[in-house]
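One chain, chain A, appears in both complexes that follow, with chain B as partner in the first and chain C in the second.
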Partner chain A sequence: MFGMEFYVDPSRCIGCQSCLKACEECDTHRGVSMINFDFVDRKDTIATAAYVCWHCDNPTCAQVCPADAIKKYDDGIVGSSLKPRCIACSNCVLACPFGIPKLVPQYEQMMKCDMCYDRTSVGKRPMCATVCPSQALAYVTPETIAAMRREKPVNTFWFGNQKITTKVYMMAPADADEIAIDVADYIWEGENGLVPQAF
Partner chain B sequence: MAKAPADLDVLRSRFGPHLNYTPPGGWQAEHPQQEMLVKTHCCFCGQQCGIQLKVRDNRVTGFEPWEDFPFNHGMLCPKGVKRYLQGNHPDRLLDPLLRTADGFRDATWNEALDFTAQRLREVQEKYGPDAVAVYGGASLTTEKSYLLGKFARVALGTRHIDYNGRLCMVSAGTAYKGALGVDRAPNPWSDIPKAEVLFIIGANVGECAPITTDYVWRARDNGATLIVVDPRFTPIARNTDLYLPVRPGTDLALLMGMLHVIIRDGLIERDFIGAHTTGFEKTEHSVAPWNPRRAAEVSGVAPEAIENAAHLVGESRRVMFLHARGLEHQSKGADNCEAVVAMALATGNIGREGAGPVMITGQGNGQGGREHGQKCDQLPGQRSLTDPAARQHVAEVWGISADELPGPGYTAVEIMNAIHSGEIKGLLSICFNPLVSLPDANFTREALEKLEFLGVIDFFLSETAAHADVVLAGSLQEEEEGVTANVEARVIHIQKAVDPPGNARLDSEIICDLARRLGRGEFFPFQEPREIFEELRLASRGGHADYYGITYEKIDRQKGVFWPCPSLDHPGTPRLFEDGRFFHPDGKARFMSLAWRDSGDPVDAEFPVYLTTGRVVSQYLSGTQTRRIGALVDQYPEPKLEIHPRLAEQYGIATGDWVKITSRRSAIVLQAMVVRTIRPDTVFIPYHWPDDRSANRLTHRTLDPRSKIPEYKVSACRLERSAAPGGRA
Partner chain C sequence: MGWFRKPSSTPLWRDEFSVFTADERYVNRRQFTKFLTLTSFGMLVGNLWILAKSVVHRKVSYPRVPIAAMDAIPVGGVKMFSYPTANDPCILVRLAVDRFVAFSQKCTHLSCAVYFEREQNRLECPCHQGFFSIEDGSVLQGPPQRPLPRVVLEKQDALLVAVRMEGESE
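Presenting the complex of A and B:
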């Protein structure tokens, strides 16, 4: 749909899995859901996260595909693998830094979110963002998101030294310009700042 | 006879629950060009989200979001997404069933209806008219609810009719009617994002009213402060500014503590209280001893947090109070709700945009189903059955003498008690599965087995229907036109999308045919739901829930009409009390006396742990429909025991361990889910399942003395590790 962008805000997610259920009702991949959904750590929190493919500007999945089966279209959408080409090797599954692509055994093919190409190409919103009761998944204009939300849309991600820019936005705290995932930031280094030696 | 057939396996193999995963013809069947879209509403829960059903060859084949409907803008929870799979279901009853020695056989409609009418008449001739009771349900359209109330009083002449809304929010209804003069959420949902403070108590919004989450988050986007009161850290609590982890059944202490602080610190709105209310001194006197320290000791919420919450509420003049079953399912449920309303009145937070107390009604037609006469003490239009003028008005519309109208009867749980005691001998039930949904399920089973006649109208063979002498194959929501009222009292139009399959029939036809066989056909001449609605408009005219100005066409045009709507040129009433007038004759709202009392099933040394029950997002009520939809069952297949690690450690329980939960009634064995998102003195079990997985085997029959709502939210239990129940690992 013209002028619309996709925004993901896990802090709004209530874990209802409506997106997961609605995705498989989409006409291009009926019966197969492309939503990635996690309980972050159910023992300690009710936090959940539902997300779609981030549709990278320079998609890692396509780069590593030996069969040239993954295409990015002119509008920035990265499609599922092309069935006649996909050799079900799982390179993309392993390489995607976001962990999005899934090998679907019954079709021997990698399938992933194509942002409801059948719907968005005819002016409808993607199924997941339409039904999402908390609008953790939202498909609206940038003007709408700027007017309605306090968080800031970010589409630059760092995975170590790999910088990735994406079509889909993550809602981040207002002072964040990019999201950097560095494992070192999350390691507990002991009370003296030293990493305990295990050996 | 009302005993279930001995061989339940045979019954289950024929009637389910089986799981339906795929649309008619399978996932690959595609005939979109032949599909028609029917704009209607979801059948599950009081939000009544707009949805478009895809229809092909008289079958519902899928859905398409209805983005223009103003309440939910296309949003749906997983139940809404998968609701269409209840159609074309292998378990669907296609013929009436008559009971045989070892099960059921298909019958013709003449046979089944003659038998039902004959047995009802026999029981009434032998034991008197009140020996037969009628159970209705709040998932029925308003037309069916109205028809059922008329059927009980005019065709059967019994005073005992009540409905499963008695298990839902009647305590809130009692409180609002007493304090404000009317049983309705006073504000439309569009007010929620306009509030400065949202005080949400006993409402697991994310799981039980999922669409409302968007309204709550939008309020936060606009800068609102969110306060959540719940023994569990529910999904909406994740973004709360203040979380108050109240001990089950002690909300009243917390609320009185807050009122104490609000009054003590001069945060009340004296001008409003003086001009628009009476009895403030009663509430003031009640809460005087409830300083935050005392409130904290009872409720388990820190005194500082109570002070903080009281100031957040008391200092704002745009507060919305949202409450649901957590507050209402208590033996002091009406008092709890009165305390919330008192807080709204004391701070002048009512009757304005973004200010007001609202109940989040839970069942599909929870609002509309309680307005027009299937409650035991009520006539259409939310009129009282004991009011002579109301009796006269309705009797005239019905063409009978007011003297013929029976008086008020028993409430839902009281009816089951009277069946157990032998006072009531026959029961006709529709849209109600008491064996799963009433408290103390073993008692309910004993009672059902004592019935001399049980007739059930249903589309699936529910656990209760398995006890029936006759099952009349009725219709799903999408098979009969009508109206419902959503959580905001917005009256909406349920469209007929398909005909009932096989020989199943419309519920309203079944009820009218029964009335004819009982010799009262002249009062039930209805050929279609629209004719019932036309009579309902007249019967409700002049009542609080006035539908006189509502028509199907007006609903379609306006995308819903909020009652009261007294004339055809009236636009409806989205927000009540805007002129400062309440619905009592003197126009004033009433403050009530509030008094603390203990739960009906207190914890002690033998039963030291609080048990509370509720819903999960993927199931609806007793599960008759949602336990038959594969994707919903997969999401949360079995009830689990939620338990805090600190409590789990005491018993050596880890996630996945089997635990025997014993209450003063019974015991069940479930798997544990160890989580830090619940109070360490409390365990939680969802209630959607029957038999040895039924939370309601553990709950108790203590009722709120005024509203007669059961105390589902507070029981006492003890825990022990257990071996897996038979046949399970």
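Presenting the complex of A and C:
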């Protein structure tokens, strides 16, 4: 819609957390930020990563929802959970390969990024993309991103054998066509890396 | 629209509760035909029911009830009575020496009691300013849509006798 796409580049994130605050401003979910914000490896680096829902073409969160509360709309946006339907079972929280959905206990509801549906559906940019000073979160046309960045927008991800294509693009090295993530690689193996330890 | 998929290759529950709003709205030929068949069958059953009801329908019989002595009411006078049962208030008006009319007193709008407005020569319902003709009970003005049911009167010696109701909506 309106020719704009969302591009996420965690390498540009400076950790200012403006996106969190901008997201909280929204009247549809005031006070609750739907940005996923990570400190990548707090012990060794100050690197941070802010990202939004990837809006999968075939959303796993919606596939596992027993209450039919998550919907993918005609323009490709995967909505937040529908309040009358969501039963706060956390299936989507566990199933999403990106770890996007968050259960908000005080509302007994899952809430996640819907790419500011009230804004983007009328041609405005999402709140986070309007405030991001380094444009780690950018909502622009594909032509703009091609002209401004060296990285290549990629929207194909592999999680083990699960292939996921998304509406939101990740900025990847120019030679990458897809991003493969070995989930087992990221399992914490203890302080010295030898003793497997349960959380 | 790469994410759009035709919902025919998947189980029914996935079609009915699809993740995609576009699929939820999608009605295939079989569903449409089923809808048409069931609704026309419903129409048929409904019509048969109405037909059967009109066949077995019996005419309501009304009692003959003497309501007033004729000379007890002056011209322009009014008498309240109940007809056909004690719970159906009616109003009797003497319009001329030899003209009596009687109507149900329940306004056809919201069942307030109508009264005879002598100056304007009409029946008025005070709740919402509904006016009825004193001649035949038809609506002159206001919210009521249907005329007042009329009580058919007969003269029997010096007595007025209510014979039946006319224009009752049941």
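Heads up, the rule we're going with is that the second predicted complex is superposed on the first by the 181 of 199 C-alpha atoms of A that agree within 3 Å, B and C clash if a C-alpha of one lies under 4 Å from a C-alpha of the other, contacts with A are read in each partner's own complex, and residues count from 1 in each chain.
The working rule: a residue touches a chain if its C-beta (ideal position, glycine included) is under 8 Å from a C-beta of that chain, and two chains touch if they have at least 3 such contacts.
What you see is a predicted model, and the numbers here were worked out from it, not measured in a lab.
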item	value
Superposed partners chain B and chain C on chain A - clash or fit	fit
Which of chain B and chain C A:D175 touches, first, second, both or neither	neither
Touching partner for A:G31 - first (chain B), second (chain C), both, neither	first
Residue contacts on chain A - larger count, chain B or chain C	B
Which superposed partner A:K72 touches (first chain B, second chain C, both, neither)	second
Partner chain in contact with A:E143 - chain B first, chain C second, else both or neither	neither
Superposed arrangement, angle subtended at the Cα centre of chain A by chain B and chain C, nearest 10 degrees	110
Shortest CA-CA distance between chain B and chain C [superposed frame, angstrom]	28
Chain C-contacting residues of chain A that also contact chain B	none
In the complex with chain C, residue positions of chain A that touch it	57-59, 62-63, 68, 70-74, 76
In the complex with chain A, residue positions of chain B that touch it	22, 27-28, 30, 32, 62-63, 65, 67, 72, 74-78, 80-82, 206-207, 210-211, 213-214, 217-218, 221, 223, 233-239, 617-618, 631-632, 635, 645, 655, 673-677
Residues on chain A engaged by chain B in the complex (per definition of touch)	11-18, 20-22, 24-25, 27, 30-31, 42-48, 125, 127, 130-135, 148-150
Residues of chain C touching chain A in the complex	2-3, 17, 19-22, 24
